[in-house]
Structure formats: C-alpha cells, structure tokens
Amino acid sequence: MTDLVTFGETMLRLSPPGDERIETADQYVVRAAGAESNVAVATQRLGLDATWVSKLPDSPVGRRVTGELASHGVETDIVWSDEGRQGTYYLESGESPRGNNVIYDRADAAVTTATPDELPVDRIRSASAFHTTGITPALSETLEVTTQTLLEAAADAGTLTSFDVNYRSKLWEPEVARETLTELFPHVDVLIVAQRDAENVLGRTGEAASIARELAEEFDFEVTILTRGSEPALAVADGTTHEQPTFEATSAHPVGTGDSFVGGFLSQYVAGESVETALEYAAGTAALKRSIPGDIAVVTPTEVAAVIEGGTADISR
Amino acid sequence: MTDLVTFGETMLRLSPPGDERIETADQYVVRAAGAESNVAVATQRLGLDATWVSKLPDSPVGRRVTGELASHGVETDIVWSDEGRQGTYYLESGESPRGNNVIYDRADAAVTTATPDELPVDRIRSASAFHTTGITPALSETLEVTTQTLLEAAADAGTLTSFDVNYRSKLWEPEVARETLTELFPHVDVLIVAQRDAENVLGRTGEAASIARELAEEFDFEVTILTRGSEPALAVADGTTHEQPTFEATSAHPVGTGDSFVGGFLSQYVAGESVETALEYAAGTAALKRSIPGDIAVVTPTEVAAVIEGGTADISR
Amino acid sequence: MTDLVTFGETMLRLSPPGDERIETADQYVVRAAGAESNVAVATQRLGLDATWVSKLPDSPVGRRVTGELASHGVETDIVWSDEGRQGTYYLESGESPRGNNVIYDRADAAVTTATPDELPVDRIRSASAFHTTGITPALSETLEVTTQTLLEAAADAGTLTSFDVNYRSKLWEPEVARETLTELFPHVDVLIVAQRDAENVLGRTGEAASIARELAEEFDFEVTILTRGSEPALAVADGTTHEQPTFEATSAHPVGTGDSFVGGFLSQYVAGESVETALEYAAGTAALKRSIPGDIAVVTPTEVAAVIEGGTADISR
Amino acid sequence: MTDLVTFGETMLRLSPPGDERIETADQYVVRAAGAESNVAVATQRLGLDATWVSKLPDSPVGRRVTGELASHGVETDIVWSDEGRQGTYYLESGESPRGNNVIYDRADAAVTTATPDELPVDRIRSASAFHTTGITPALSETLEVTTQTLLEAAADAGTLTSFDVNYRSKLWEPEVARETLTELFPHVDVLIVAQRDAENVLGRTGEAASIARELAEEFDFEVTILTRGSEPALAVADGTTHEQPTFEATSAHPVGTGDSFVGGFLSQYVAGESVETALEYAAGTAALKRSIPGDIAVVTPTEVAAVIEGGTADISR
Amino acid sequence: MTDLVTFGETMLRLSPPGDERIETADQYVVRAAGAESNVAVATQRLGLDATWVSKLPDSPVGRRVTGELASHGVETDIVWSDEGRQGTYYLESGESPRGNNVIYDRADAAVTTATPDELPVDRIRSASAFHTTGITPALSETLEVTTQTLLEAAADAGTLTSFDVNYRSKLWEPEVARETLTELFPHVDVLIVAQRDAENVLGRTGEAASIARELAEEFDFEVTILTRGSEPALAVADGTTHEQPTFEATSAHPVGTGDSFVGGFLSQYVAGESVETALEYAAGTAALKRSIPGDIAVVTPTEVAAVIEGGTADISR
Amino acid sequence: MTDLVTFGETMLRLSPPGDERIETADQYVVRAAGAESNVAVATQRLGLDATWVSKLPDSPVGRRVTGELASHGVETDIVWSDEGRQGTYYLESGESPRGNNVIYDRADAAVTTATPDELPVDRIRSASAFHTTGITPALSETLEVTTQTLLEAAADAGTLTSFDVNYRSKLWEPEVARETLTELFPHVDVLIVAQRDAENVLGRTGEAASIARELAEEFDFEVTILTRGSEPALAVADGTTHEQPTFEATSAHPVGTGDSFVGGFLSQYVAGESVETALEYAAGTAALKRSIPGDIAVVTPTEVAAVIEGGTADISR
C-alpha cells in the first residue's frame, strides 16, 4: 500500500552550469523540479512508499521527468497526453549581489487540463496520506476544481491531507489565492505556510505564534506549521506550540528547501512519529538539501540523523 | 543600408550532447535556430549586410537568441515583449536506424502576436531584399496577416522578395498551407520550394523541371528554385532552367541545410551575381553546413569557394 | 503481477568520454550495465512489467545502479549488503583499427554471495517468466548453486524460464562452462546462444540450422535461438526453424546488442506473440540499440516498429 | 550616432574550468577580455550605443573576439590584418591562499601596429565620448603615438575623452608610464585612476582626497575619479569631491571589476546624468560584476538598479 | 641519485564533478591518489628527486596512475602484475552540513601482494630518505611484513626513514594498529602522527607537547611531529619542541592536506634544512593544498614561499 | 642510457571539442603537440628509453607541456627560460567538405633561441639515436644553426641520426628549405620524407621508387623512407627497396600520423630490428594513431602487434 500520494506539476528545470548566466550559457543542466514531486522523492528516500500523480506530454521530454523521479524509487502514475506541453523553468544562480533568477515557462503544461476523471483517485483514497500545494490550483481553473475534488476525496476516505501554501506571485494575485485557499482549507489536516505568505496572502498579522494558533483554530487543522526562513519554525498541534530552530547550512542550493522541510516532516509524521520528531527531521532534511544541487533532497535517513545529532557526515576513513 | 531583411521566429534549440537521448540526458546544448535568422546569418557571413526582425520575450532567454545571432554580425531589430514565451525545440541526433528526432515547443511564442504596426516596416521598404518562409504564416493567424502585409510592403517599395515554402506538417495541413501560400506568391520574386512540398502541398506532379517551369509561369516568379535533397537543384529564371548538382558532404549535421542553401543563393543574387553563380554558391554553402553543428552555417566565403573549387579546406601547414 | 523477473549482476560501467583512452582520460562516464538488467529494462520499455533481482552493496555506489534501472520503470528488488563491493568495468571505444577495450573489475561483488534464502524466490514463482544468463553461474560457486535453484523453482512453478548462454572467457573455461550449463538446461524453456558459443563452449559443429535443431531436441527447449552476429538469427520452436535477418545499423554502440535482442524477443513472446513476431522485434530492438550510448536499449515500441517497417524515426517537422 | 567609442586590445582569455590549475587542466574556457572592450560592452548593456575599434588578425581566432563582443550588442569596427597575432592570456583562479594567477601572452598582437591612418578616426570625432586606457600606449611605440593622436583628435572634435590609467607592471616601468601618461593627460576629460597607481606611477602621496584634488587641478580634468579597492571611491568634479562606497559583493570573479566601474560610470555620465548618479551606478555595476564569470559585466540596468536599491535580484516566484 | 623513495598504494579516485552526489552523477572525475605518492609528488615539485615504488595491475587503469604521477616529474618504479586489481575510492564533496564522503574499494589491489623480493630494495638503500605510512601495513599481512622489511633495509643502509601514522579506521582496529606500529617504530627516524591518532591508536593522553615528547623519548625518533588539525603542529627534535601554526586557508579541497604537510616537511628536511624551516614549509604547502582540487599538492616553491611570507600569489599584472 | 633523444618545439594545441568551430567554441581542449616529442612519446611507449630536449618558458604553461610528455614516461630535459613564449596552435576538425583547419601561433617561442651551449649535447652524444625534423631549422636562424650543430655532434659521436623532412609551407619557402636541408643531410643516417615534399621541396620527379633510390645515393643515407599518404611507403636500405602498405584505418584523428610512423619505425630500428620489421611496425603505429585523439600515439606494443596481425584489439570478454 502507498503511504503518500502527491499531486501537482513537475517542470524541467534548465540551469546554466555553475554560476554562468542564462543569457550567455551554451549548455543548460536539466533536472526534474516540482513542489509535490520534490516532497514525494524526499519521503520515499526517507522511508515512505510514495507515489506521484500527474499528467505529462507523451514524449521523451515528459519521460525525462518520470525517469528522474523513478530513479529515487518514487512510483509515478501518469496520464500521458498528446495535448499540452512540458512546463519548464530557467534558473540561474550567482553569488551576492546577483542572487538567483527564475524564469517560468509553464503555461499550458499538460497538467493544467488534468481532471479527477482521468486521475487515479482511488490511489489517493487508499493511501495513508495525500499532499499537494497552493501551486496546483493556481495553474488553471481546471486544476482549481481538481485540487478541491482530490482533497475532498482524500478527506472523505480518511486519508490524511497535507497542504503547503507555497504562494507564487507570478501565478496569481494574493486576493484570488486567499479566496481559493480558504475554500480548500476545510479539507486539509496538515497545513504548512511560510510566515510571509500567512501575512501577504492570508492577511494575518501579529506574532508568529499567534498567527499559527489563529490559523489552527480557524480551520481546525490537525497540525499547523509556520515556516520562517532562517528563524525557528513553529507547529501548533493539539493546542500545543512546538518550536524547531533551523540547522546551520550553506546557501549553495536553496531552491527546494521548503519542499525538503515538508518531505522530512511527512516522512515521520505519516509513519506515526510525533510532531516534535517530525519537525526536527524536517529541519534536518531542509538543512541538508541546501548543500545538494537541484530541487530534490537526495538524502538518506543516516545523513538526516547525523545533521540532527549535530555533526556532519564528513569523511570517515 | 541593409542588403537583406528577414522576418520570422527563432527558437532556442535544446539538444542532448553528441548522440545522447532527450529522455536520459542531463545537459542540453543551447543554440539559436530559426529558418529566417539562419538565412540572415548565412548571408551576413557571406558578405551581405543583414538584419533579422522579430518579436521576443524581454528576458535573458530572449536575449540568448539575439546574442547568438549578433555574434555573427547580423543586426537584430526586435520588438521586446512582456507577453508571449520563447519558443524552443528539442532535437536529438543518432546514427541509423535511429535518425534525428524533433519535438517542437513553440506554441504561443511572442512572435506569434507580431503585427506590422510594431515591426520596422520601413527597414524592409528601404532594404535591397526581404526574405521570409512558409513557417511564419503557419505560426498564427496574426502572422498570416503580417506576412502578407510585409511582403506587399516590400513588393510595393521595390524590395526584392524571397520566400522559402518550408512546409512544416506539424504546423498546418497541406490544404490550408496551399491556400495561404498561393495568396502570398503574387508578392514574391524569388521562390524556393522543395520538390516534395511542391508535390504534397502545392499539388504539382510530373518531372521536376516541368514543375519548376509551371510554378514560374503561374506566379510569374523572377527566380523559381526547386530543391531536391541530394539530387541536383533546379532554377528557372528568364525562361531558362539551370541545374545545380549537390556537392558531396557528410550527413553529420543536416538540420539547416535548406536555409544555408537559401542563404548562399541570396548572398550572391542580392549582390548582383547571376543565377548560375548564386546557385553554385548555394550548393557549396549547403554542403559545408552539413559538417557544422547547430542550425547555422558558420562559414566564410573562402570556405565556400574552396568547396566549389572541388577541394576541402583541409590542413595547410 | 510481474511479467518478467531477471536475476544477475549489474556493474557500474566507467568509460572515457567519446573515443578518449582509459589511460589518459580525466573523466569517466558512469552507467549501469548488466546482461540481466539490460534485458529487464528493454522488456519494461517495450511493454512488460519487469523486476530485476540482485544483491548490492548498501552504499551510494550501489544505489547509483538501482537509480538508473528504476529510471526506466523497472522495479528493483535488492538484498542490500554491508559486505561485498560494487563490480565495475572499464570500457573504451575507438574506431578501427583500435576497436573496443574492456577491463573487468567485478571480483567479490556483493552479488557473488547471493543465496536463494535471501532472494525473493516467490516473486520468481509468481511471475510469468524468469530470465538469467550464463554470466551469473560463472561469477562464483555460490551463484552457480543459486542459479540452479532459481531455475528449478521457476520451472516447478510453471514460470517460463529463459537463459542466454552469454559465455565470458574471462570468467571461466569452456569445459567448466559446458558442464555447468548442461546441468542448468533441463530447467530452461527458452535458450539463446550465439553460434560461436554453441561451437566453442557447447562443442557443436556443422550448419547453424542443424546446431539449433540438435540443441532443441537434446534439451527439449520450447524455443532455441541461435544468434549469428550480422548473419540472420535462427529460432527452432515446435520443430519449425525460423530465420530472422538483422536490420542494417551503425556500429557506434555495439555493447548490449545481444541483451537488446533478448529483451526485444521476451517483450513479445512473454506477452503472447508468436516466435516470428518476437524474433522480428528482437532484431529491430538490437539494431536500434547500436545507435544508443551505454549498455541499455533506451527505445520505445514506436521506434522498434519504425525499424521493422524499414524506415528510420528520422525528423518529421 | 555612436555614444561611445573605445579603442584598445582585446585578448582571448584562456582559463582552466573552476579552480583547476593551468598546469594540469585538459580544457581551457575561452572568453574575450580587454579593458576597453569590457567598458564598451558594459556601457552598451547599460543603455549607450557603443563601438569598439581595434585591429585583429583575420582568422577564426580574431573573429572569436568580435563575435563575443557583438553578442552583447557592441558594434565592432575592426582593421582585419594578415600580420600580427591574437593576444591571449592565461588566467587561473583559486581560493585563498592560492589566489588568481595571470600569464600574459600578448606580445606582437595585431593591434600593436595599429596607426591612426587605418583606424576610423572619424567615428571617434563624431561620437559623444571616447575611452581608452593606459594599457594601450604601453603595448608598443606605435600605439603610444596612436593613443596620443586619437585622444587629440577626439579632444579637438569636442568628443568627451575618458582615460583609465590601469597601470600594468608587466608592460612597462612606472617612470616610463608616468612620462607617457602625463603627455596624454592634457587631452583627457575624465580620468580614472586607482589610488595605488596614483602613488606608485604618478608619484602622488598623502590623503586620497587630496591626491584626487591635486590631479584634478594639475591637469584640469573635468572629472577625476580615484578608485580604492574596497574603500569608497572618490570623484572630484567642479571643485566638489564626491565619495561613493562600494556595495558588498562576492570575490568570486574579481577580474574586470575596474572596467565595470568605468562602464557603469560612463553609461550614465555620457547619457547626461550627474557625477553622483554615475558614481553610484559605477559602484553597482562593479559589485554585480564580481558575481559574473569572465571579464565582462553581463548585467542589465534593472539588475544594477536593484543593487543600488540595496537588495539583490534574488528569486521572485 | 634519488633523494626520496616512497612506497605504498595509489588508488584511482572517482569523484562526481563539483558538489554532485555519487548516487546521481553521470560522470566521475578521475585522479591518482595515495598517501605515499602524494608525498612523492609534493617533494618532487618542491625540489627533491623522488621515486614512488609500488605494484600495479598491468593495464590502462594501472598506467592511468603512473601517468599522472610521472606528469609531476616523479619517477615510478613499478612491479606490473597480471594479478590483483586497481584499488579505487569514491569521494564526494559538499558544503556543510553535508561534508565529504569516502567509499573505499581497495581490497585485493595488486599492491597487497607486493613482497620485498620483487621490489627495488636497492633503490631504497641508496636513497637519502624513505617514506611510507601506516596505511601500507594495514592493507594486507604481506604488506605488513614488506613494510617492516623495507624500513629495516632502509635503516640498515643509513637511509633516513619517515613514517606517517595515518590511521584508517576502515582498514584495521586501533589495537591491531598499535601493535604493528610499535614494531615498526624502532626503524623510524621521522614520525608524523595526528594528535587524534596518538590518542586513539597509540593510547597517549595529556597535553599535546607532552605526548610528542613522550613518543620521541620512547622510540628515540630523530624528529617527532604531532599534527593537530587547525591548531599549531608540534615537532620534537634534539629535545627541543617547535610549534608551527597553520596558515589560514580555504576548506575547499581538504583531502591530501596531511600528505602535503609531510611532503613540504621532507622536501626541506631531506635537503638539509632545519626542522623549523621544514615545519614552516610543511604548513605553507598544506595551506596551499587546500585550494587545489585532487589529492595532490600541485604547487611550486615560489607559491609556498609566498604563503609563508604571508601574502597570496594573487594577480600581478 | 638513453636510446633516443629528440629535439624540437612542442606547442600547446588548442582545439574546440568534437567538431565545433574555433570561432564559436567556448572551450578549447588542451594538448601537447610537437613533431619531435610525438616521436619521443611513441618510441617510449613502444619500448625505447626516450628523452625530449627543448627550451620552454618557465611557467605553468610550459610545465603543461612537460607534464603531458612525462606522463607517457618520456624524460624531458628542458632549458627553462624567462624569455620567449609558449608556442600554440589552434586546430579544428570537421567532416568533409570542411576538413581540418590549423592556425599556428608559434612565433617567438622560447625554443627559437635555443643554442647548443645551453642544450644537453652530451646526452645526444651518448644516446643510441638522435631525431629531429625539418620544422626545427625552419623556426629561426638560431635553430637552423643549432640543428646543424646537434646533428654534427651526434654524427661525430656515432649516434644514429634520424631526420623527418616534415616541410611546413607556413614556416618557409621551398627554395630556402631545400638549401638548408641539403646542408643537414650529410649528417643524417635515416631520412624520412613524404613523396610530396620530395617533389615540391627537394625538386625530385619521377616514380616513387626512383626518387627514394636517388636520394639514398645522393646523400648516402643508411635508410631512406618515402611516405606516400595512403599508398605504400618505400624504404631503401643497403640498396634494397622495401615496400610497406598502409593498414586500413579511420580518418578520425589524422594529425600526428606521420610522427607515429616515424616513432614506430625508430622504436624497432634503434632496438636492432630489421628495416622490414621496423617499417611494418611504423605502418601499424600510424594506423592506430588515426583512431586516437590528439597528436600523440597513445598505443602499446600489444596493440600495434594486433594491427599488424590483421585484427583489431576489439572486445574480449
């Protein structure tokens, strides 16, 4: 049986090598990248049995995506389509003051037309948990409906539902996002939201802890996690607030840190561990991710444990 | 003053290195590729003063295109747009029996919305020659109108108009193409068409020479060129038929051979050389192109001359 | 349910890029390579549901192997071991007169200690077919016993058993091989053997067709396939001899041609197609493989069909 | 009309990838690099219409230089020569305590024989501004005369003249430099000099501000800029001293920082902006450059503005 | 005459490029790496005439090792063997918290069977100095005997003997190591040991200085060097204790730092310089190494001198 | 004792990867390349003890040259100079009709000032054989005298002298070459000359065999070898003419074929083998070279023997 099903878009990420620029590079490094598949991979690598569900163009480019995800052990359950394109994004990385630059080219991806009819809803119903993010309903009106339907189906079936707000300003306006999200929240058990999104999108103000508690109460989430960049993350569960500091880490590969946090959390929480344990694991996975190229947390449980125990997995000879 | 203006789409071409597969490669080689810009570059390198006119997204990805074209000396006159994407295509190459594989991802490119209003029509009017291809009107209804308008404007101004049929079955049906093309032909002075397209799209039958003569008469072209793969090309001008055999060449990099032929031809014909001379140059440029990676004929007049004279530009030490 | 289980060793293949030499290269390209996993991947890509069973060191190097196989959709069912190393081989390729050069470094691989007790024998029993090769029993005495046991278990359970002789002179002497193999053959349904091995190892002489018939009769194989390099392959089944010519193909990437042939055959035969159909598919897959870098047939059913129909999958634009 | 003409040498820069060593690397990364063309590119990218004038060998190696410059939109006006070589330099980069290492191989470059007769002096006369550096007269006696002539011609025609001292100890002795430079200074409007060069070459002592004022008065420069590494730069204009701190930046790619500073300054000053504005832009461009591989500031006005406004152009999603 | 002979294993080091992971990389960078050959190269580059003695498989893989060492000027005197493999190790590097990861694959290397009979003992006898490390006797019982024999032979012949404890926990237990090492120590003149190994393996406790003095007295070493990571190294010689702080350096390429320290020391001490001078050179070489990819100190005497003098060998133009 | 000393220039060869163009490539592959060092390496690899003597700039670039040569076991005896540059050449390769293109940048190389006083003439006197080529005296007037002096010294000392005419039209005129060469020939024992050079430079006409005999008689060479591209080579020795056909080989890497032929010949002839045997070895080495990237014959005696025996060293598994 599947422990976790995730649903969403995975793009091909095209990056100039090292710190070259998009404008002048002659090669782009190719990687699969998507919030929900990032989570599926992280949980699979950390012990769950994960499946990623989506819709992709029936082409070598689409298979490039599933091949990379499957290489980490994730099962992919795909609607292969003759219509719609493979979404891509261009990412370049540079040291300060240049920073990272992202150019999305994801319009009209095959996934934007995915309907519940064609998706394996039964797998979601029979899984222990289901996870998606706020990116998915933002991609198209069809996906807004589909996301709602899948969350409802999962909730009805007793599948734990997890949702990461993951607001993307290039996809929708805060007001639109707020409206859509608050319709989805009643079907959500575990909510993850960055403090910045809680403020700008959900319109919350005040101290982090009170924001978390407020959200927890308003939507009756089982677990409400507020992430805060390099500040400690907060989780409210059963009326208790847990605080989890971040582990020190490089900023070499920040993209995917948030998804790794969620993957680390779910890998433990879905397996029955406590919120505290899961949070610690989340922070350890996120820290490790920042040292790993690509969007995906190519980590092992041993490595996460080593980070939590305060050391690094440095050379043992 | 500009000798030649070309108008059309240029894509980013993404290719796995060597003979790797799209599905499994971890890097893609990036190159600018477009029928009309290929012609602009070839003519610029072979002596003309060429300008490529188009519409591109105002982003590093769009500048990646103009940067590569400008590096060959071509002037680029671009409508920079906040709407529309950068078209791309995936190309993989393999030896027999695998062959080459192309996956277009060009829908909704910025250029598809280009209207005569925003384009530098005066540059076309004041140029010696204007060139576009059958790909351009096939990309959108807007571009169908724009192509018609630009050809008319050029013809009115006494600018020599050149048109390569370049039928793309992935863009439109033969019947639709035929109808559109025959509306454009009255404004065309130099027509280049592959025998295959003359048959399948324009509905011609019979011997190559009679097809060429028929087309020349029907549309009153100044020059009508029928290309025939590895068979000799035919040109009808002033009622005379010229035959130009191909030069022996590798099949290492076939993509762009046709555009190189056109570029070689125009580089001479626009400069006032005879049809025979221009045809020979066309065949020499096309042969050389097949040894050069990418879509673009990175050649010099000296190299083309060497091929025509029957040798290769091999090591002189 | 699994259609096909294969069992054997997969090595990491280390190759200098292009036609560089092992001795002077500064980078080696890394790929997974193993006769039985090559077959598993080919059949999975061509429509079966395939599982590869083996024993690997519990390390990033071992996971490098499963990651690549899983990226093609194959399920991997692995005994992860703290003992034994990851076998490797160095391969360099050069044009004539240099040829290819192979240096094995596979002694003491973890798989050499794999016993039936630790392997998922039930998966073999419940699969439609089981495949292994003559390399496996040659790797260690333990594996000789294990191979025998697995073939017997499969045969007992009614699983179709397939065996490719695949003689490796660097692993054992012909006489030893002959003795071992003839003990395994009674449990084999489909035998694949190169004519060269039938002669040198199995001691057969005479015309190819009579060798195939002799082997078929002596060991009562359901299907007996004799491969003959660029000459037509022969198959004897139900007393009938089928001949399947090879398709023309490059010699760019010959390593893995034989495994691709077997994979193509089993993908059809296990799915219920006739010996003739399966043989044709085998030849088509083998031809395509020769254009593809690495040991693995990264092919699609559409591409194999195109080769069989006599064309190539060349550019369609 | 051209806003800015620059004149000088551009070399091919050959660098081992990453932090490899010149002595042991098997590939060198190739880039165009020259103080005056670096400035031309920076100003072009930041809004001016720039032309780089020089003399190069008529070969693919020479065209490698113009191709890269032209890709940034700079016009190149070149005397193509059959004599003289393409200057090169080898650069390796390493972290502390290794640092960067430069080996020049620029003797007898084609440019060293460039005379005013063959150069497009009229373009300089009709441009808004002309820029060169102390490297140019140091390269040959011919170039010493040519530099003098071009500066005089520009000054006579009312073209703003800009000069960066850019002392190179590998090219000439301080005393020789001093003598030559003081003959050129009367024709210079905007002087840029590092405090170190002002001291060691021009023999100045004392506080930075007084050095700048002294130079300004002695040679009657319109603007006198003293750069001081990571310390604030000073500019004296109209009797006022402006101070511009540096923006924090990585030291990943320091080569070309000074040219980027000059390019940033001229892009604004030639466009009519104030000295303060131009200085700020100079510092912003220089900071950004340090994050960009190669000698050239591959930047946009938007990025420079972001640095000045205190942020980075980091990921917006 | 040879100044220094070293004896030991050299492996092929296989590393993913940059900070890629072993598990997901598609290329591995190949380098020669061995404690004793690292020392030989460092001393050769710093002025000695060094020879590395070992046993390698007679194959391109074995020649890959000698080719790289010889490229630095080291003479290699090799027993080429048809038995035994080329030892390898996988190394990946990542920023914190990931750190470096090493996977040895060195069992059954050809060198593990090397006996004094086949090795050029006379070269050791006639050299000024002989160096090996604690890795060598740990590799096999044969090598334990061989190490003892070679050290005795050197000591008998008056060759200075140098020994770096270099404890490897993956090769042997501390107790076994201690027993073996204390049998070797009577034949050793110069001992180098990390404080950590002095404690964990040799069972010493207390202050660093007293550990060093104790060891010096107990085994009557000519020089006893205690290295202490980033803390100052200590050397006891002639009853005097010398302290040598480390020079500040990057941690980009830490592997091989210790061998570079030893190489720097021996390059001076064997050449007749004082212990103080040699220690300073050791620290300078070690600091530089940390900026250089691979295991080997690709340095020059000029560069080491620059580090000692407190600067870096940064750009001089 | 050294078997063979060679003297001449070695350049750094800079080549775009694969079939990229010099003008557009972003990386150049770096290799050592020189007629005389090519011969030294080939003979060393094929069993002789070879030394290459030259003068190089004392820099990482100069050491890049000796490092690569030494990696093949050749001893390098170098005058390290603070004057003079490292000669380079740019080489690009393409399939027909493009061919190979060479751009020399070798003027003022350090070696052009090498005088007998600074070179190790005693090593030449005490060696079994000395080899140089017609490139060396063509590089400078100093080298013309040096070549003459070294050949005389060798001849006086009884060292076998070998000379490959190797005419380079980019270095000198045929008439000048002829005059210089005919002054050197009296000191030469083994002459190798391409038929083309014998005709164009030495002014010979007629059948190949009679040209060879004429030269042999006129200059009293011990062995006179006439190479003829893909036609059989001829050797006249002791009044007998030997004919040696070429072995079939790829044309992938033709540069260095001639030097490999000479290296193959000398490796046997200096070792005491007959002219016939040496010629066959020469042809085998030359054939193999054509499959090997770079200028250098990275071959083994086993591989040459395999080519001579008519097979290839293809996969044995």
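Letters are used for the chains, namely A, B, C, D, E and F, taken in the order the chains are written, and counting of residues starts over at 1 for each.
Note that in this section contacts are C-beta pairs under 8 Å (C-beta built on N, C-alpha and C of every residue); 3 or more make two chains touch, one makes a residue touch a chain.
For each chain, UniProt lists the protein as follows: A, B, C, D, E, F = PfkB domain protein.
Since the model is a prediction, treat every value here as computed from it, not as a measurement.
Asks: For the interfaces C-F and B-D, which has the higher count of C-beta pairs in contact?
Replies: C-F
Asks: Can you spot which option in A-D, E-F or A-B is basically D-F again, with over half of the contact pairs the same by residue number?
Replies: Having compared contact pairs by residue number, the answer is A-B.
Asks: For chain B and chain E, what's the span in angstrom between their mean Cα positions?
Replies: About 62 Å separates the centre of chain B from that of chain E.
Asks: When the C-alpha atoms of chain B and chain C are each averaged to a single point, how far apart are the two points in Å?
Replies: So the centroids are 46 Å from each other.
Asks: Centre to centre, by mean C-alpha position, how many angstrom separate chain C and chain E?
Replies: From the centre of chain C to the centre of chain E is 44 Å.
Asks: At least two other chains touched by the same residue of chain E: list those residues.
Replies: As it turns out, chain E has residues touching two or more other chains at 18, 21, 23-24, 26, 67, 71, 101.
Asks: With touch defined as at the start, can you tell me which chain F residues reach chain D in the complex?
Replies: Residues in contact with chain D: 14, 17, 21-31, 59-61, 63-64, 67, 85-86, 88, 90, 92, 101, 103, 105, 107-108.
Asks: Spell out the part of chain C that touches chain B in their complex, as residue ranges.
Replies: 18, 71, 247-250, 252, 287-288, 290-293, 298, 303, 306-307, 312-317
Asks: Can you name the residues of chain D that touch chain B in the complex?
Replies: Touch list, chain D to chain B: 66-68, 70-73.
Asks: Which stretch or stretches of chain F touch chain B in the complex?
Replies: Contacts found on chain F: 18-21, 23-24, 94-102, 104, 168-170, 255.
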